[in-house]
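Dumping the structure here so I can ask a few things about it.
Lettered A, B, C, D and E in written order, each chain numbered from 1.
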């Protein structure tokens, strides 16, 4: 469980809701037609903007983000060094038995064990890494687009409310509340974007960069193993991927 | 028929129109001169901004998007494996008879069958892929530009309305409705961009990325077939383009 | 004559002017000091922002755009195939006599005829293409900058007007008209950018992409001719630059 | 101590606070719930947007920036020339004893002394440089995101305040102060971004560029030493990294 | 002296000041605390955002821009052809005596005369060109950042003024002037950015592109001279850098 992410979401929402409660009259901030325009409109537009499967994938990716712990670069380096040791000791064929959840690492080991052409291995891993990057990119794009659409629908709702208010200015007392209602959709759109969509898009990006780094470590490690570098040299090279504090001794 | 896209458009429009109807007085939201400035102005400016044929092509591309089902990456991989099997079993010459709607695949098969120089095949396919990307890019650019122009014309209409209103403030009762009318063009521009142009531009982009992926699969597949890889290796390599869930068993 | 561009400009302007006339009191929209700030200021700032020759070149390029017909990619492919046929039939030396307005094509033919080193030909054409791209880019940049400066000067004029109005609020009747005048400069800036500068910048970009495509066709064609490909293969390769509908039968 | 940075921060804050004090009534500008929304919300959202360690790293990097003096490119050139002299006089093995705080320089010397394959040295240094760039990039991204989030939360606070004010317009005297309070959060968000987050993000970027230049000097220097260039030629090449005024003699 | 730049600055300022004078009451536009926030704040923030030397260098670069005439691409081509003639007639060694202010040209001649390895010459010139580009980029970045900071400080000043005004609405007559004063800082920030910082940043960029072109001409020329091309071929190649109108005969 990624607690920092969840905590951030909860604290952010609490602060905003707290400010509303402090000001009294919470019910003023609830306007069902306004919510329908902003939430419904944003979801409808995202369905037009992306293929249906990609929208689903993006939400699944965001949901998984809260569940999964991310793999640290340091652990990936250690695994690759271990793989190098196995291949040294027991030969390349032994790599077929390496157990791992990481698809790219698995494919690497399998291709090395199959004694595949080194160029084919490189090409295959490059395609694999690009594919992962492309799929992650789509999830980010969906949330970035949501973050841009929500305030637009909010502004549209406010424009509708203002036009309606301005056409019946008979009762001066009604102007204030009507304007308050008109502003609500802008608030909804802004809150959805700032509190939810923008941070999730950013976190998905951060995760992608981390994943990509891990794949690059696997890629460079597999190259080194193929060239039959000894495990110490593999470590020496891969540790360059880590920050000084991660290298330990 | 791409139902999600159509549904998104209809739901989005319904929500906005619903909110207008809920507020009563629908006729307030209809202002023909305002519509002329925003819709007419946006179309006029897009004619200046792009060559006439490209504007037409963009609208045709957007229209086709609702009609055609997109080809899935998985199907392209399967086709390429089948092509590899044919070339293995019956020789490269047999590829001349491959039946396909995909122009790039057809050209690939033809060039391979013609026993063309492998470098020429690569160069030709690269040009073909770049051409497709360029033509798709233009359609996106047209809709992105429309999405930027519509709100600008909306704001211009509002400025004209405000200036006209401010120069005759004699009747205080007329201020409200006059300002409502002035705001309408901003609403039109914003609605056109948010509900229609931005999502269509985004979907065209998503489609392009998918098409491009398919072409890359064909490109890599053709390369493998030329190098006479066996079908199993072709599959092994091309399946790296697919997401884990698409790979099947 | 590029009629679509001209028509777009005229229709866009007519719609805006029409909306002004429909609202009566056209003279309200004419404010000479306001025009001086927006038009004069924008022109003055563009003189600081770009070397004088580049500003002139940009306006010349925009003016030429209305006059010249653009060369279609299809025609360039046909010309290159014809050149290939000449070189096949009469030898490379015959290319010296190829008559063409296109400078890059002329230089290509001349260099081939001079029996220059193939690498020198590539380098020279690459420089030529980059140069053309750079010169076109400058014209776009000038109009993009104009499109950004005009609204800024418009806003500055409005700020000046608002400050002047706010310091003498004695006569409530004068507030409306004074504010209308203040808003006019924002309108001028917005109209100049939306109706003129942005679309022209976009069209210059579209033209550049077209020109660049033509140069790439010449570049690839010249390469093929040097390698002594036969005209049919030259066509096969160059036709990949065309859209399916342009290829004809 | 980087005095210019600190001075800039202090002077900027003083000018803004001074303007507030000059206008009397400082207490009007202090609104605890408003601060909680803007500061708290921004911090909560940054926790969602980035992994916890990266947020901490970014603040550590910003803090270090005030403490450390930056290494000048000229000094790095001098060090590399000195290293070249040592390797010339005492052989490559002597590089093992080079004392330096710079991790990349240390690794370079060690790899050269180990008589490692020249390609391995290049690959390792390239990974090391990319890693440093990636880690620096994250710190900039955190502050850029903070600079974008703070005004968003400010605007959200203002929207909440406006809605609350508009729903109780009974007492006309209360409108002014209530609106002042609503505007405060926009002010907080704008001040945090303009005075703190944007400049720090920019300075982190400037520092990264400087660091990167230093690493490139080390990289090119190590390459030259491996190719056994004499120290004069190493200087000749590396001095090209310096500005004319830095070259002096 | 670059007269167009100076003229643009003077005319732009005159138009804005003229519009202020035309509206009477010039003194309304002078507000010392407001100027302090905008000018002082912008300068303070730029000190945080960039290392002190880089800010100074940027202002020096902007100042020099008004003084120096720029070197035309055509002249650089002519010089390189002349250098090629010298090297042809008197041998590469004669290049040591070439007199020029251009540092890169000087270094090129010296390296050629030293009979340095051709790869070393390329590497050195590439570093030199990148260094120049990096130093120019910094000056542009400083002015771009100033152009972004000035309006931000302007808006902050206006927010402070509005909050102060809204908390004392006792005297309705004071509202107008107080709001005018509040708007002044927005005007200052906008004027500084639009009239000064943005155009200077743009001109610095235009100059950089020109300088870079000149360096590329020198780079390509030096390459050709090393390969012992004859002066006519050097001209033929380098003239491709010039626009058709510059080529003349």
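Going forward, a contact is a pair of C-beta atoms (placed from the backbone, for glycine too) under 8 Å apart; a residue touches a chain by one contact, two chains touch by 3 or more.
Note that this is a predicted model, so its numbers are computed, not measured.
Contact with chain C and chain E alike is made by no chain in this entry. Graph distance from chain A to chain E, where chains that touch are one step apart, equals 2. To overlay chain C on chain D by their CA atoms, one rotates by 145 degrees, a value rounded to a multiple of 5. As for how the two copies chain B and chain C face one another, under half of their interface residue numbers coincide.
With centres set at the average Cα position, the gap from chain B to chain E is 39 Å. With centres taken as mean Cα positions, chain D sits 24 Å from chain A.
Chain contacts: chain B has no residue touching two or more partner chains. Taken as a contact graph, the chains are arranged in a single closed ring, with each chain touching exactly two others.
Around the closed ring of chain contacts, the path that opens at chain A and continues to chain D reads A, D, E, C, B.
Listed in rising order, the residues of chain B touching chain C in the complex are 33-34, 36-37, 40-41, 44-52, 54, 103, 107, 116, 120, 123-125, 127-128, 131, 134-135, 138, 145, 148-149, 152-153, 155-157, 159-164, 166-169. Residues 4-5, 7-9, 11-12, 15-16, 18-20, 22-25, 28-29, 70, 173, 175-177, 179-180, 183-184, 186-187, 190-191, 193-195, 198-200, 202-203, 206-207, 209-210, 213, 220, 233, 236-237, 240-244 of chain C are the ones touching chain B in the complex.
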